[in-house]
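In what follows, chain A forms one complex with chain B and a second complex with chain C.
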Partner chain A sequence: MLNFTLWDILSNLLLAARWTVLLSLIAFVSGGVAGLLLLVARVSPVPPLRIAAKLFIEVFQGTPLLMQLFIVFFALPLIGIETSAWTSAAVALTLFTAAYLAEIWRGCVEAVPKGQWEASASLAMTFPEQMRHVILPQALRIAVPPTVGFSVQVVKGTAVTSIIGFVEVTKAGTMITNATFQPFLVYGLVGLIYFALCYPLSLSAKALERKLNVAR
Partner chain B sequence: MAYSFDFSSLLDYTPVLVDGVATTVALTAVSTVLGVALGIGGAAARTSSVKPLAVVVGAYVELIRNTPFLVQLFFIFFGLPSLGIRLAEWQAAVLAMVINLGAYSTEIIRAGIEATPKGQIEAGASLGMTGPQIFRYVVLGPAMAKIWPALTSQIVIVMLGSSVCSQIAAEELSFAANFIQSRNFRPFEVYFLATALYLALAVGLRWIFSLMGQRMFAKGVSRA
Partner chain C sequence: MSPVNTSATVRPLVKLSAIRKSFGPVEVLKGVDMAVEEGQVVAMIGRSGSGKSTLLRSINGLERIDGGVIEVDGECVDPGQIDLRALRQKVGMVFQQFNLFPHLTAGENVMLALKVVKKQDKAATRAAAESALAKVGLGHKFDAYPSQLSGGQQQRVAIARSLAMAPKVLLCDEITSALDPELVAEVLGVVRKLAEEGMTLILVTHEMRFAREVCDRLVFMHGGRIAEQGPPAKLFDRPSTPELAQFIGMVEAR
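Now for the complex of A and B:
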């Protein structure tokens, strides 16, 4: 029987962790863009847009990420799109991230005093101009700490993609466990890798929040 | 070729789905009660003047909040047996959910406790109350009232997160969905229905908690 050293296990886990990081980045960036569009729809003066955005957010916040993954994984082929675990994971995580970020940012937009909306409206600004020049720049400031905080949820969310066969650090952990029969060690290391990724993000979210509170 | 949807084939599996929903509800109910209890204890420890206790609880909270639930579950179910701790699927699922919710609710409840005005604690002390009495009768009630919405959201997240317990073969709703699609080869329909059921559970859970909140906290501090 082959023997696996601690370094064999750790190096393979770290290699797989690249895909965790990459998937997190893709989901966070594309989810951020989609979330911004969703946010604009959510606070727009057009009722159908508002309702559609609200429904989207409700559905994605009220259902498990695992089910969202399964549905994307099995539904895209039905409309003729070839899927791999990669694309399904990226699409599902993007939609999931967009829904949560839009809701977080909506809170930030609503924290902008109502007088700002009225003042900019009285300057005959249109809705896009109000958003671009008055509301978003102010909302952005308070949005930074919770957004960084949410990135932790994105990184942790990528673990679930292992279930549809995407090989990131959790899946690699399962595969290595099947070869080494050392689940305690392997899953312990997997947990530590996630911790090493997430804890700095949590800390910086907290630090940003403190800085913001002092500035105010 | 267009795909034709067929939800009727799911009817045969109604008992499986009902069982799955019941198990998800049971898992959530048990881990909510135990997890929130753990959270109250954790928050008390974290805000206590006993430094080592506060540090240990702080480490527990950070460790759990910065690792995925799925990995915690695998560690408990696959990892702990090598220490001689063998758990059934549902026991591992409950334990993981309690530990997870315990960490998050510790942090949430702590925020509520720290928002208690200092004068109230001093008022309690001047009435001759002991520390635990002050915590129980002065601090905890208003703290819970303040953080009730945040706690509700977290419990919904834990309920939704329980879907990954299917991976250790705990027979909850996702497990039922996996089982059915392996029989009738209609994955889209099954998962669509399961997702709708989760959504209904989430909406129902929020509704129950808002009713509970109204009943328990409507009269503000006069309780207890």
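Now for the complex of A and C:
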């Protein structure tokens, strides 16, 4: 029987953690872009856009991430789109992130006083101009802390992708456990890795919140 | 129609015809007709809930009307109108709460719409903003943020921001109501100067002395209609409706 040193285990987990980080980054960045588009649709003066965005958000907030992942992974091939675990994971997490960020940001947009909309409207600015020059710059300030806070959810959300065989740190933990029969040690390390990724994010969200409150 | 300025040859700059507006089941404007000629200064007075603010806000489409036609310098707006850009370029508005953009300096507040809406180049917007701020006596506050200005100064920046767009008519919605008493005069001074320069102004105001001194015409609104209108002296001294007499009694008792 092979013997595994602690370093063997940890180094393999850390290698897999790269994929956790990369998947988180992809989900967060592309989810952020998609979320911004979704937000604009959600608060736009065009009713069909608003309704479509609301529906999208409700569906993704009202179903488990795991189901979303299954649907992307198993359903897309049924309609002829072949997906790898990688792309399925990235697509599902992007859509999930977009829905949540759009909703978080909508709250921030609504926190901008109505007078700002009226003043910019009375200066003959159109909706996109109002968003870009008046509303979003103000909403952004309020949005930073909850956005950074939500990134923690994205990092933890990547764990779910282990189910469809994407080898990130949780999946790597399972595989290593199968070889070493030391689940407590391995999953303990996996947990520590997640904590090391998430805790700095939580801390910076708190720090940003304090800083922006003081600046107000 | 207005009993003053009956010169039929002058086409009014602002013409409101049969304006109707409801909030839910409550009809706040019940078919209002009003005309304002170029260079006129008109104050709308009346109790809260009489519809004066709603009427003012409908003139630049901030309140969507349910019936009637708004005409400003040839731009017609009826209830179905979606694109209000042309109208709003001709109608400036100053608000009770100033509504300056807090993330921009005074100068940037004035320049924003010039750049974005009027597509003027950098030098032109800068020059227009400087002259607009100088006009309200705040040329030296170009780089100050709204939070660094007093309420009176913020309101003057807001006036400059509207003026820079070169509107045909300026709407003022209770623009001194949110100010500390000692700051009211500086804002009214600016409005008075604009009136003297021939700017067309429509004001909703509670400053009766100011209305009396500066305005050509007073419009008294009651229950969603214009109950009475005419020269300030006549309305104040010889009100013909009991509602106006009562209103004047109320404001003068203060």
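Observations
Operating definition for what follows: the second predicted complex is superposed on the first by the 216 of 216 C-alpha atoms of A that agree within 3 Å, B and C clash if a C-alpha of one lies under 4 Å from a C-alpha of the other, contacts with A are read in each partner's own complex, and residues count from 1 in each chain.
The rule is simple: a contact is a pair of C-beta atoms (placed from the backbone, for glycine too) under 8 Å apart; a residue touches a chain by one contact, two chains touch by 3 or more.
This structure is a prediction, so every number in the text was calculated from the model and none was measured.
By the document's definition of touching, neither partner reaches A:P47: not chain B, not chain C.
Once chain A of one complex is fitted onto chain A of the other, the partner contacts of A:M125 are limited to chain C, with no touch recorded for chain B.
Contacts of A:Y199 after superposition: chain B is touched, whereas chain C is not reached. Put chain B and chain C next to each other and count what each touches on chain A; the higher total goes to B. In the superposition on chain A, contact of A:P137 is made with chain C only, not with chain B.
Within the superposed three-chain model, A:G115 lies in touch with chain C and out of touch with chain B [touch as defined at top].
Applying the stated contact rule after C-alpha superposition, one finds that A:G173 touches chain B and leaves chain C untouched. Legend: residue contacts after superposition of the two complexes on their common chain; A:F70 is shown touching chain B, with no touch to chain C.
Within the complex formed with chain C, the chain A residues making contact are 113, 115-116, 118-126, 129, 133-134, 137-138, 141. Residues of chain B that touch chain A in their complex: 3, 62-63, 65-72, 74-75, 78-83, 156, 160-164, 166-167, 174, 177, 187-188, 191-192, 194-195, 198-199, 202-203. Against chain B, in their complex, chain A makes its touches with residues 59, 61-68, 70-71, 74-75, 78, 152, 156-160, 162-163, 170, 173-174, 177, 182-184, 187-188, 190-191, 194-195, 198-199, 202. Residue ranges of chain C in contact with chain A, taken from their complex: 60-62, 84-85, 88-89, 91-93, 95, 97-103, 112-113, 116-117, 158, 161-162, 165.
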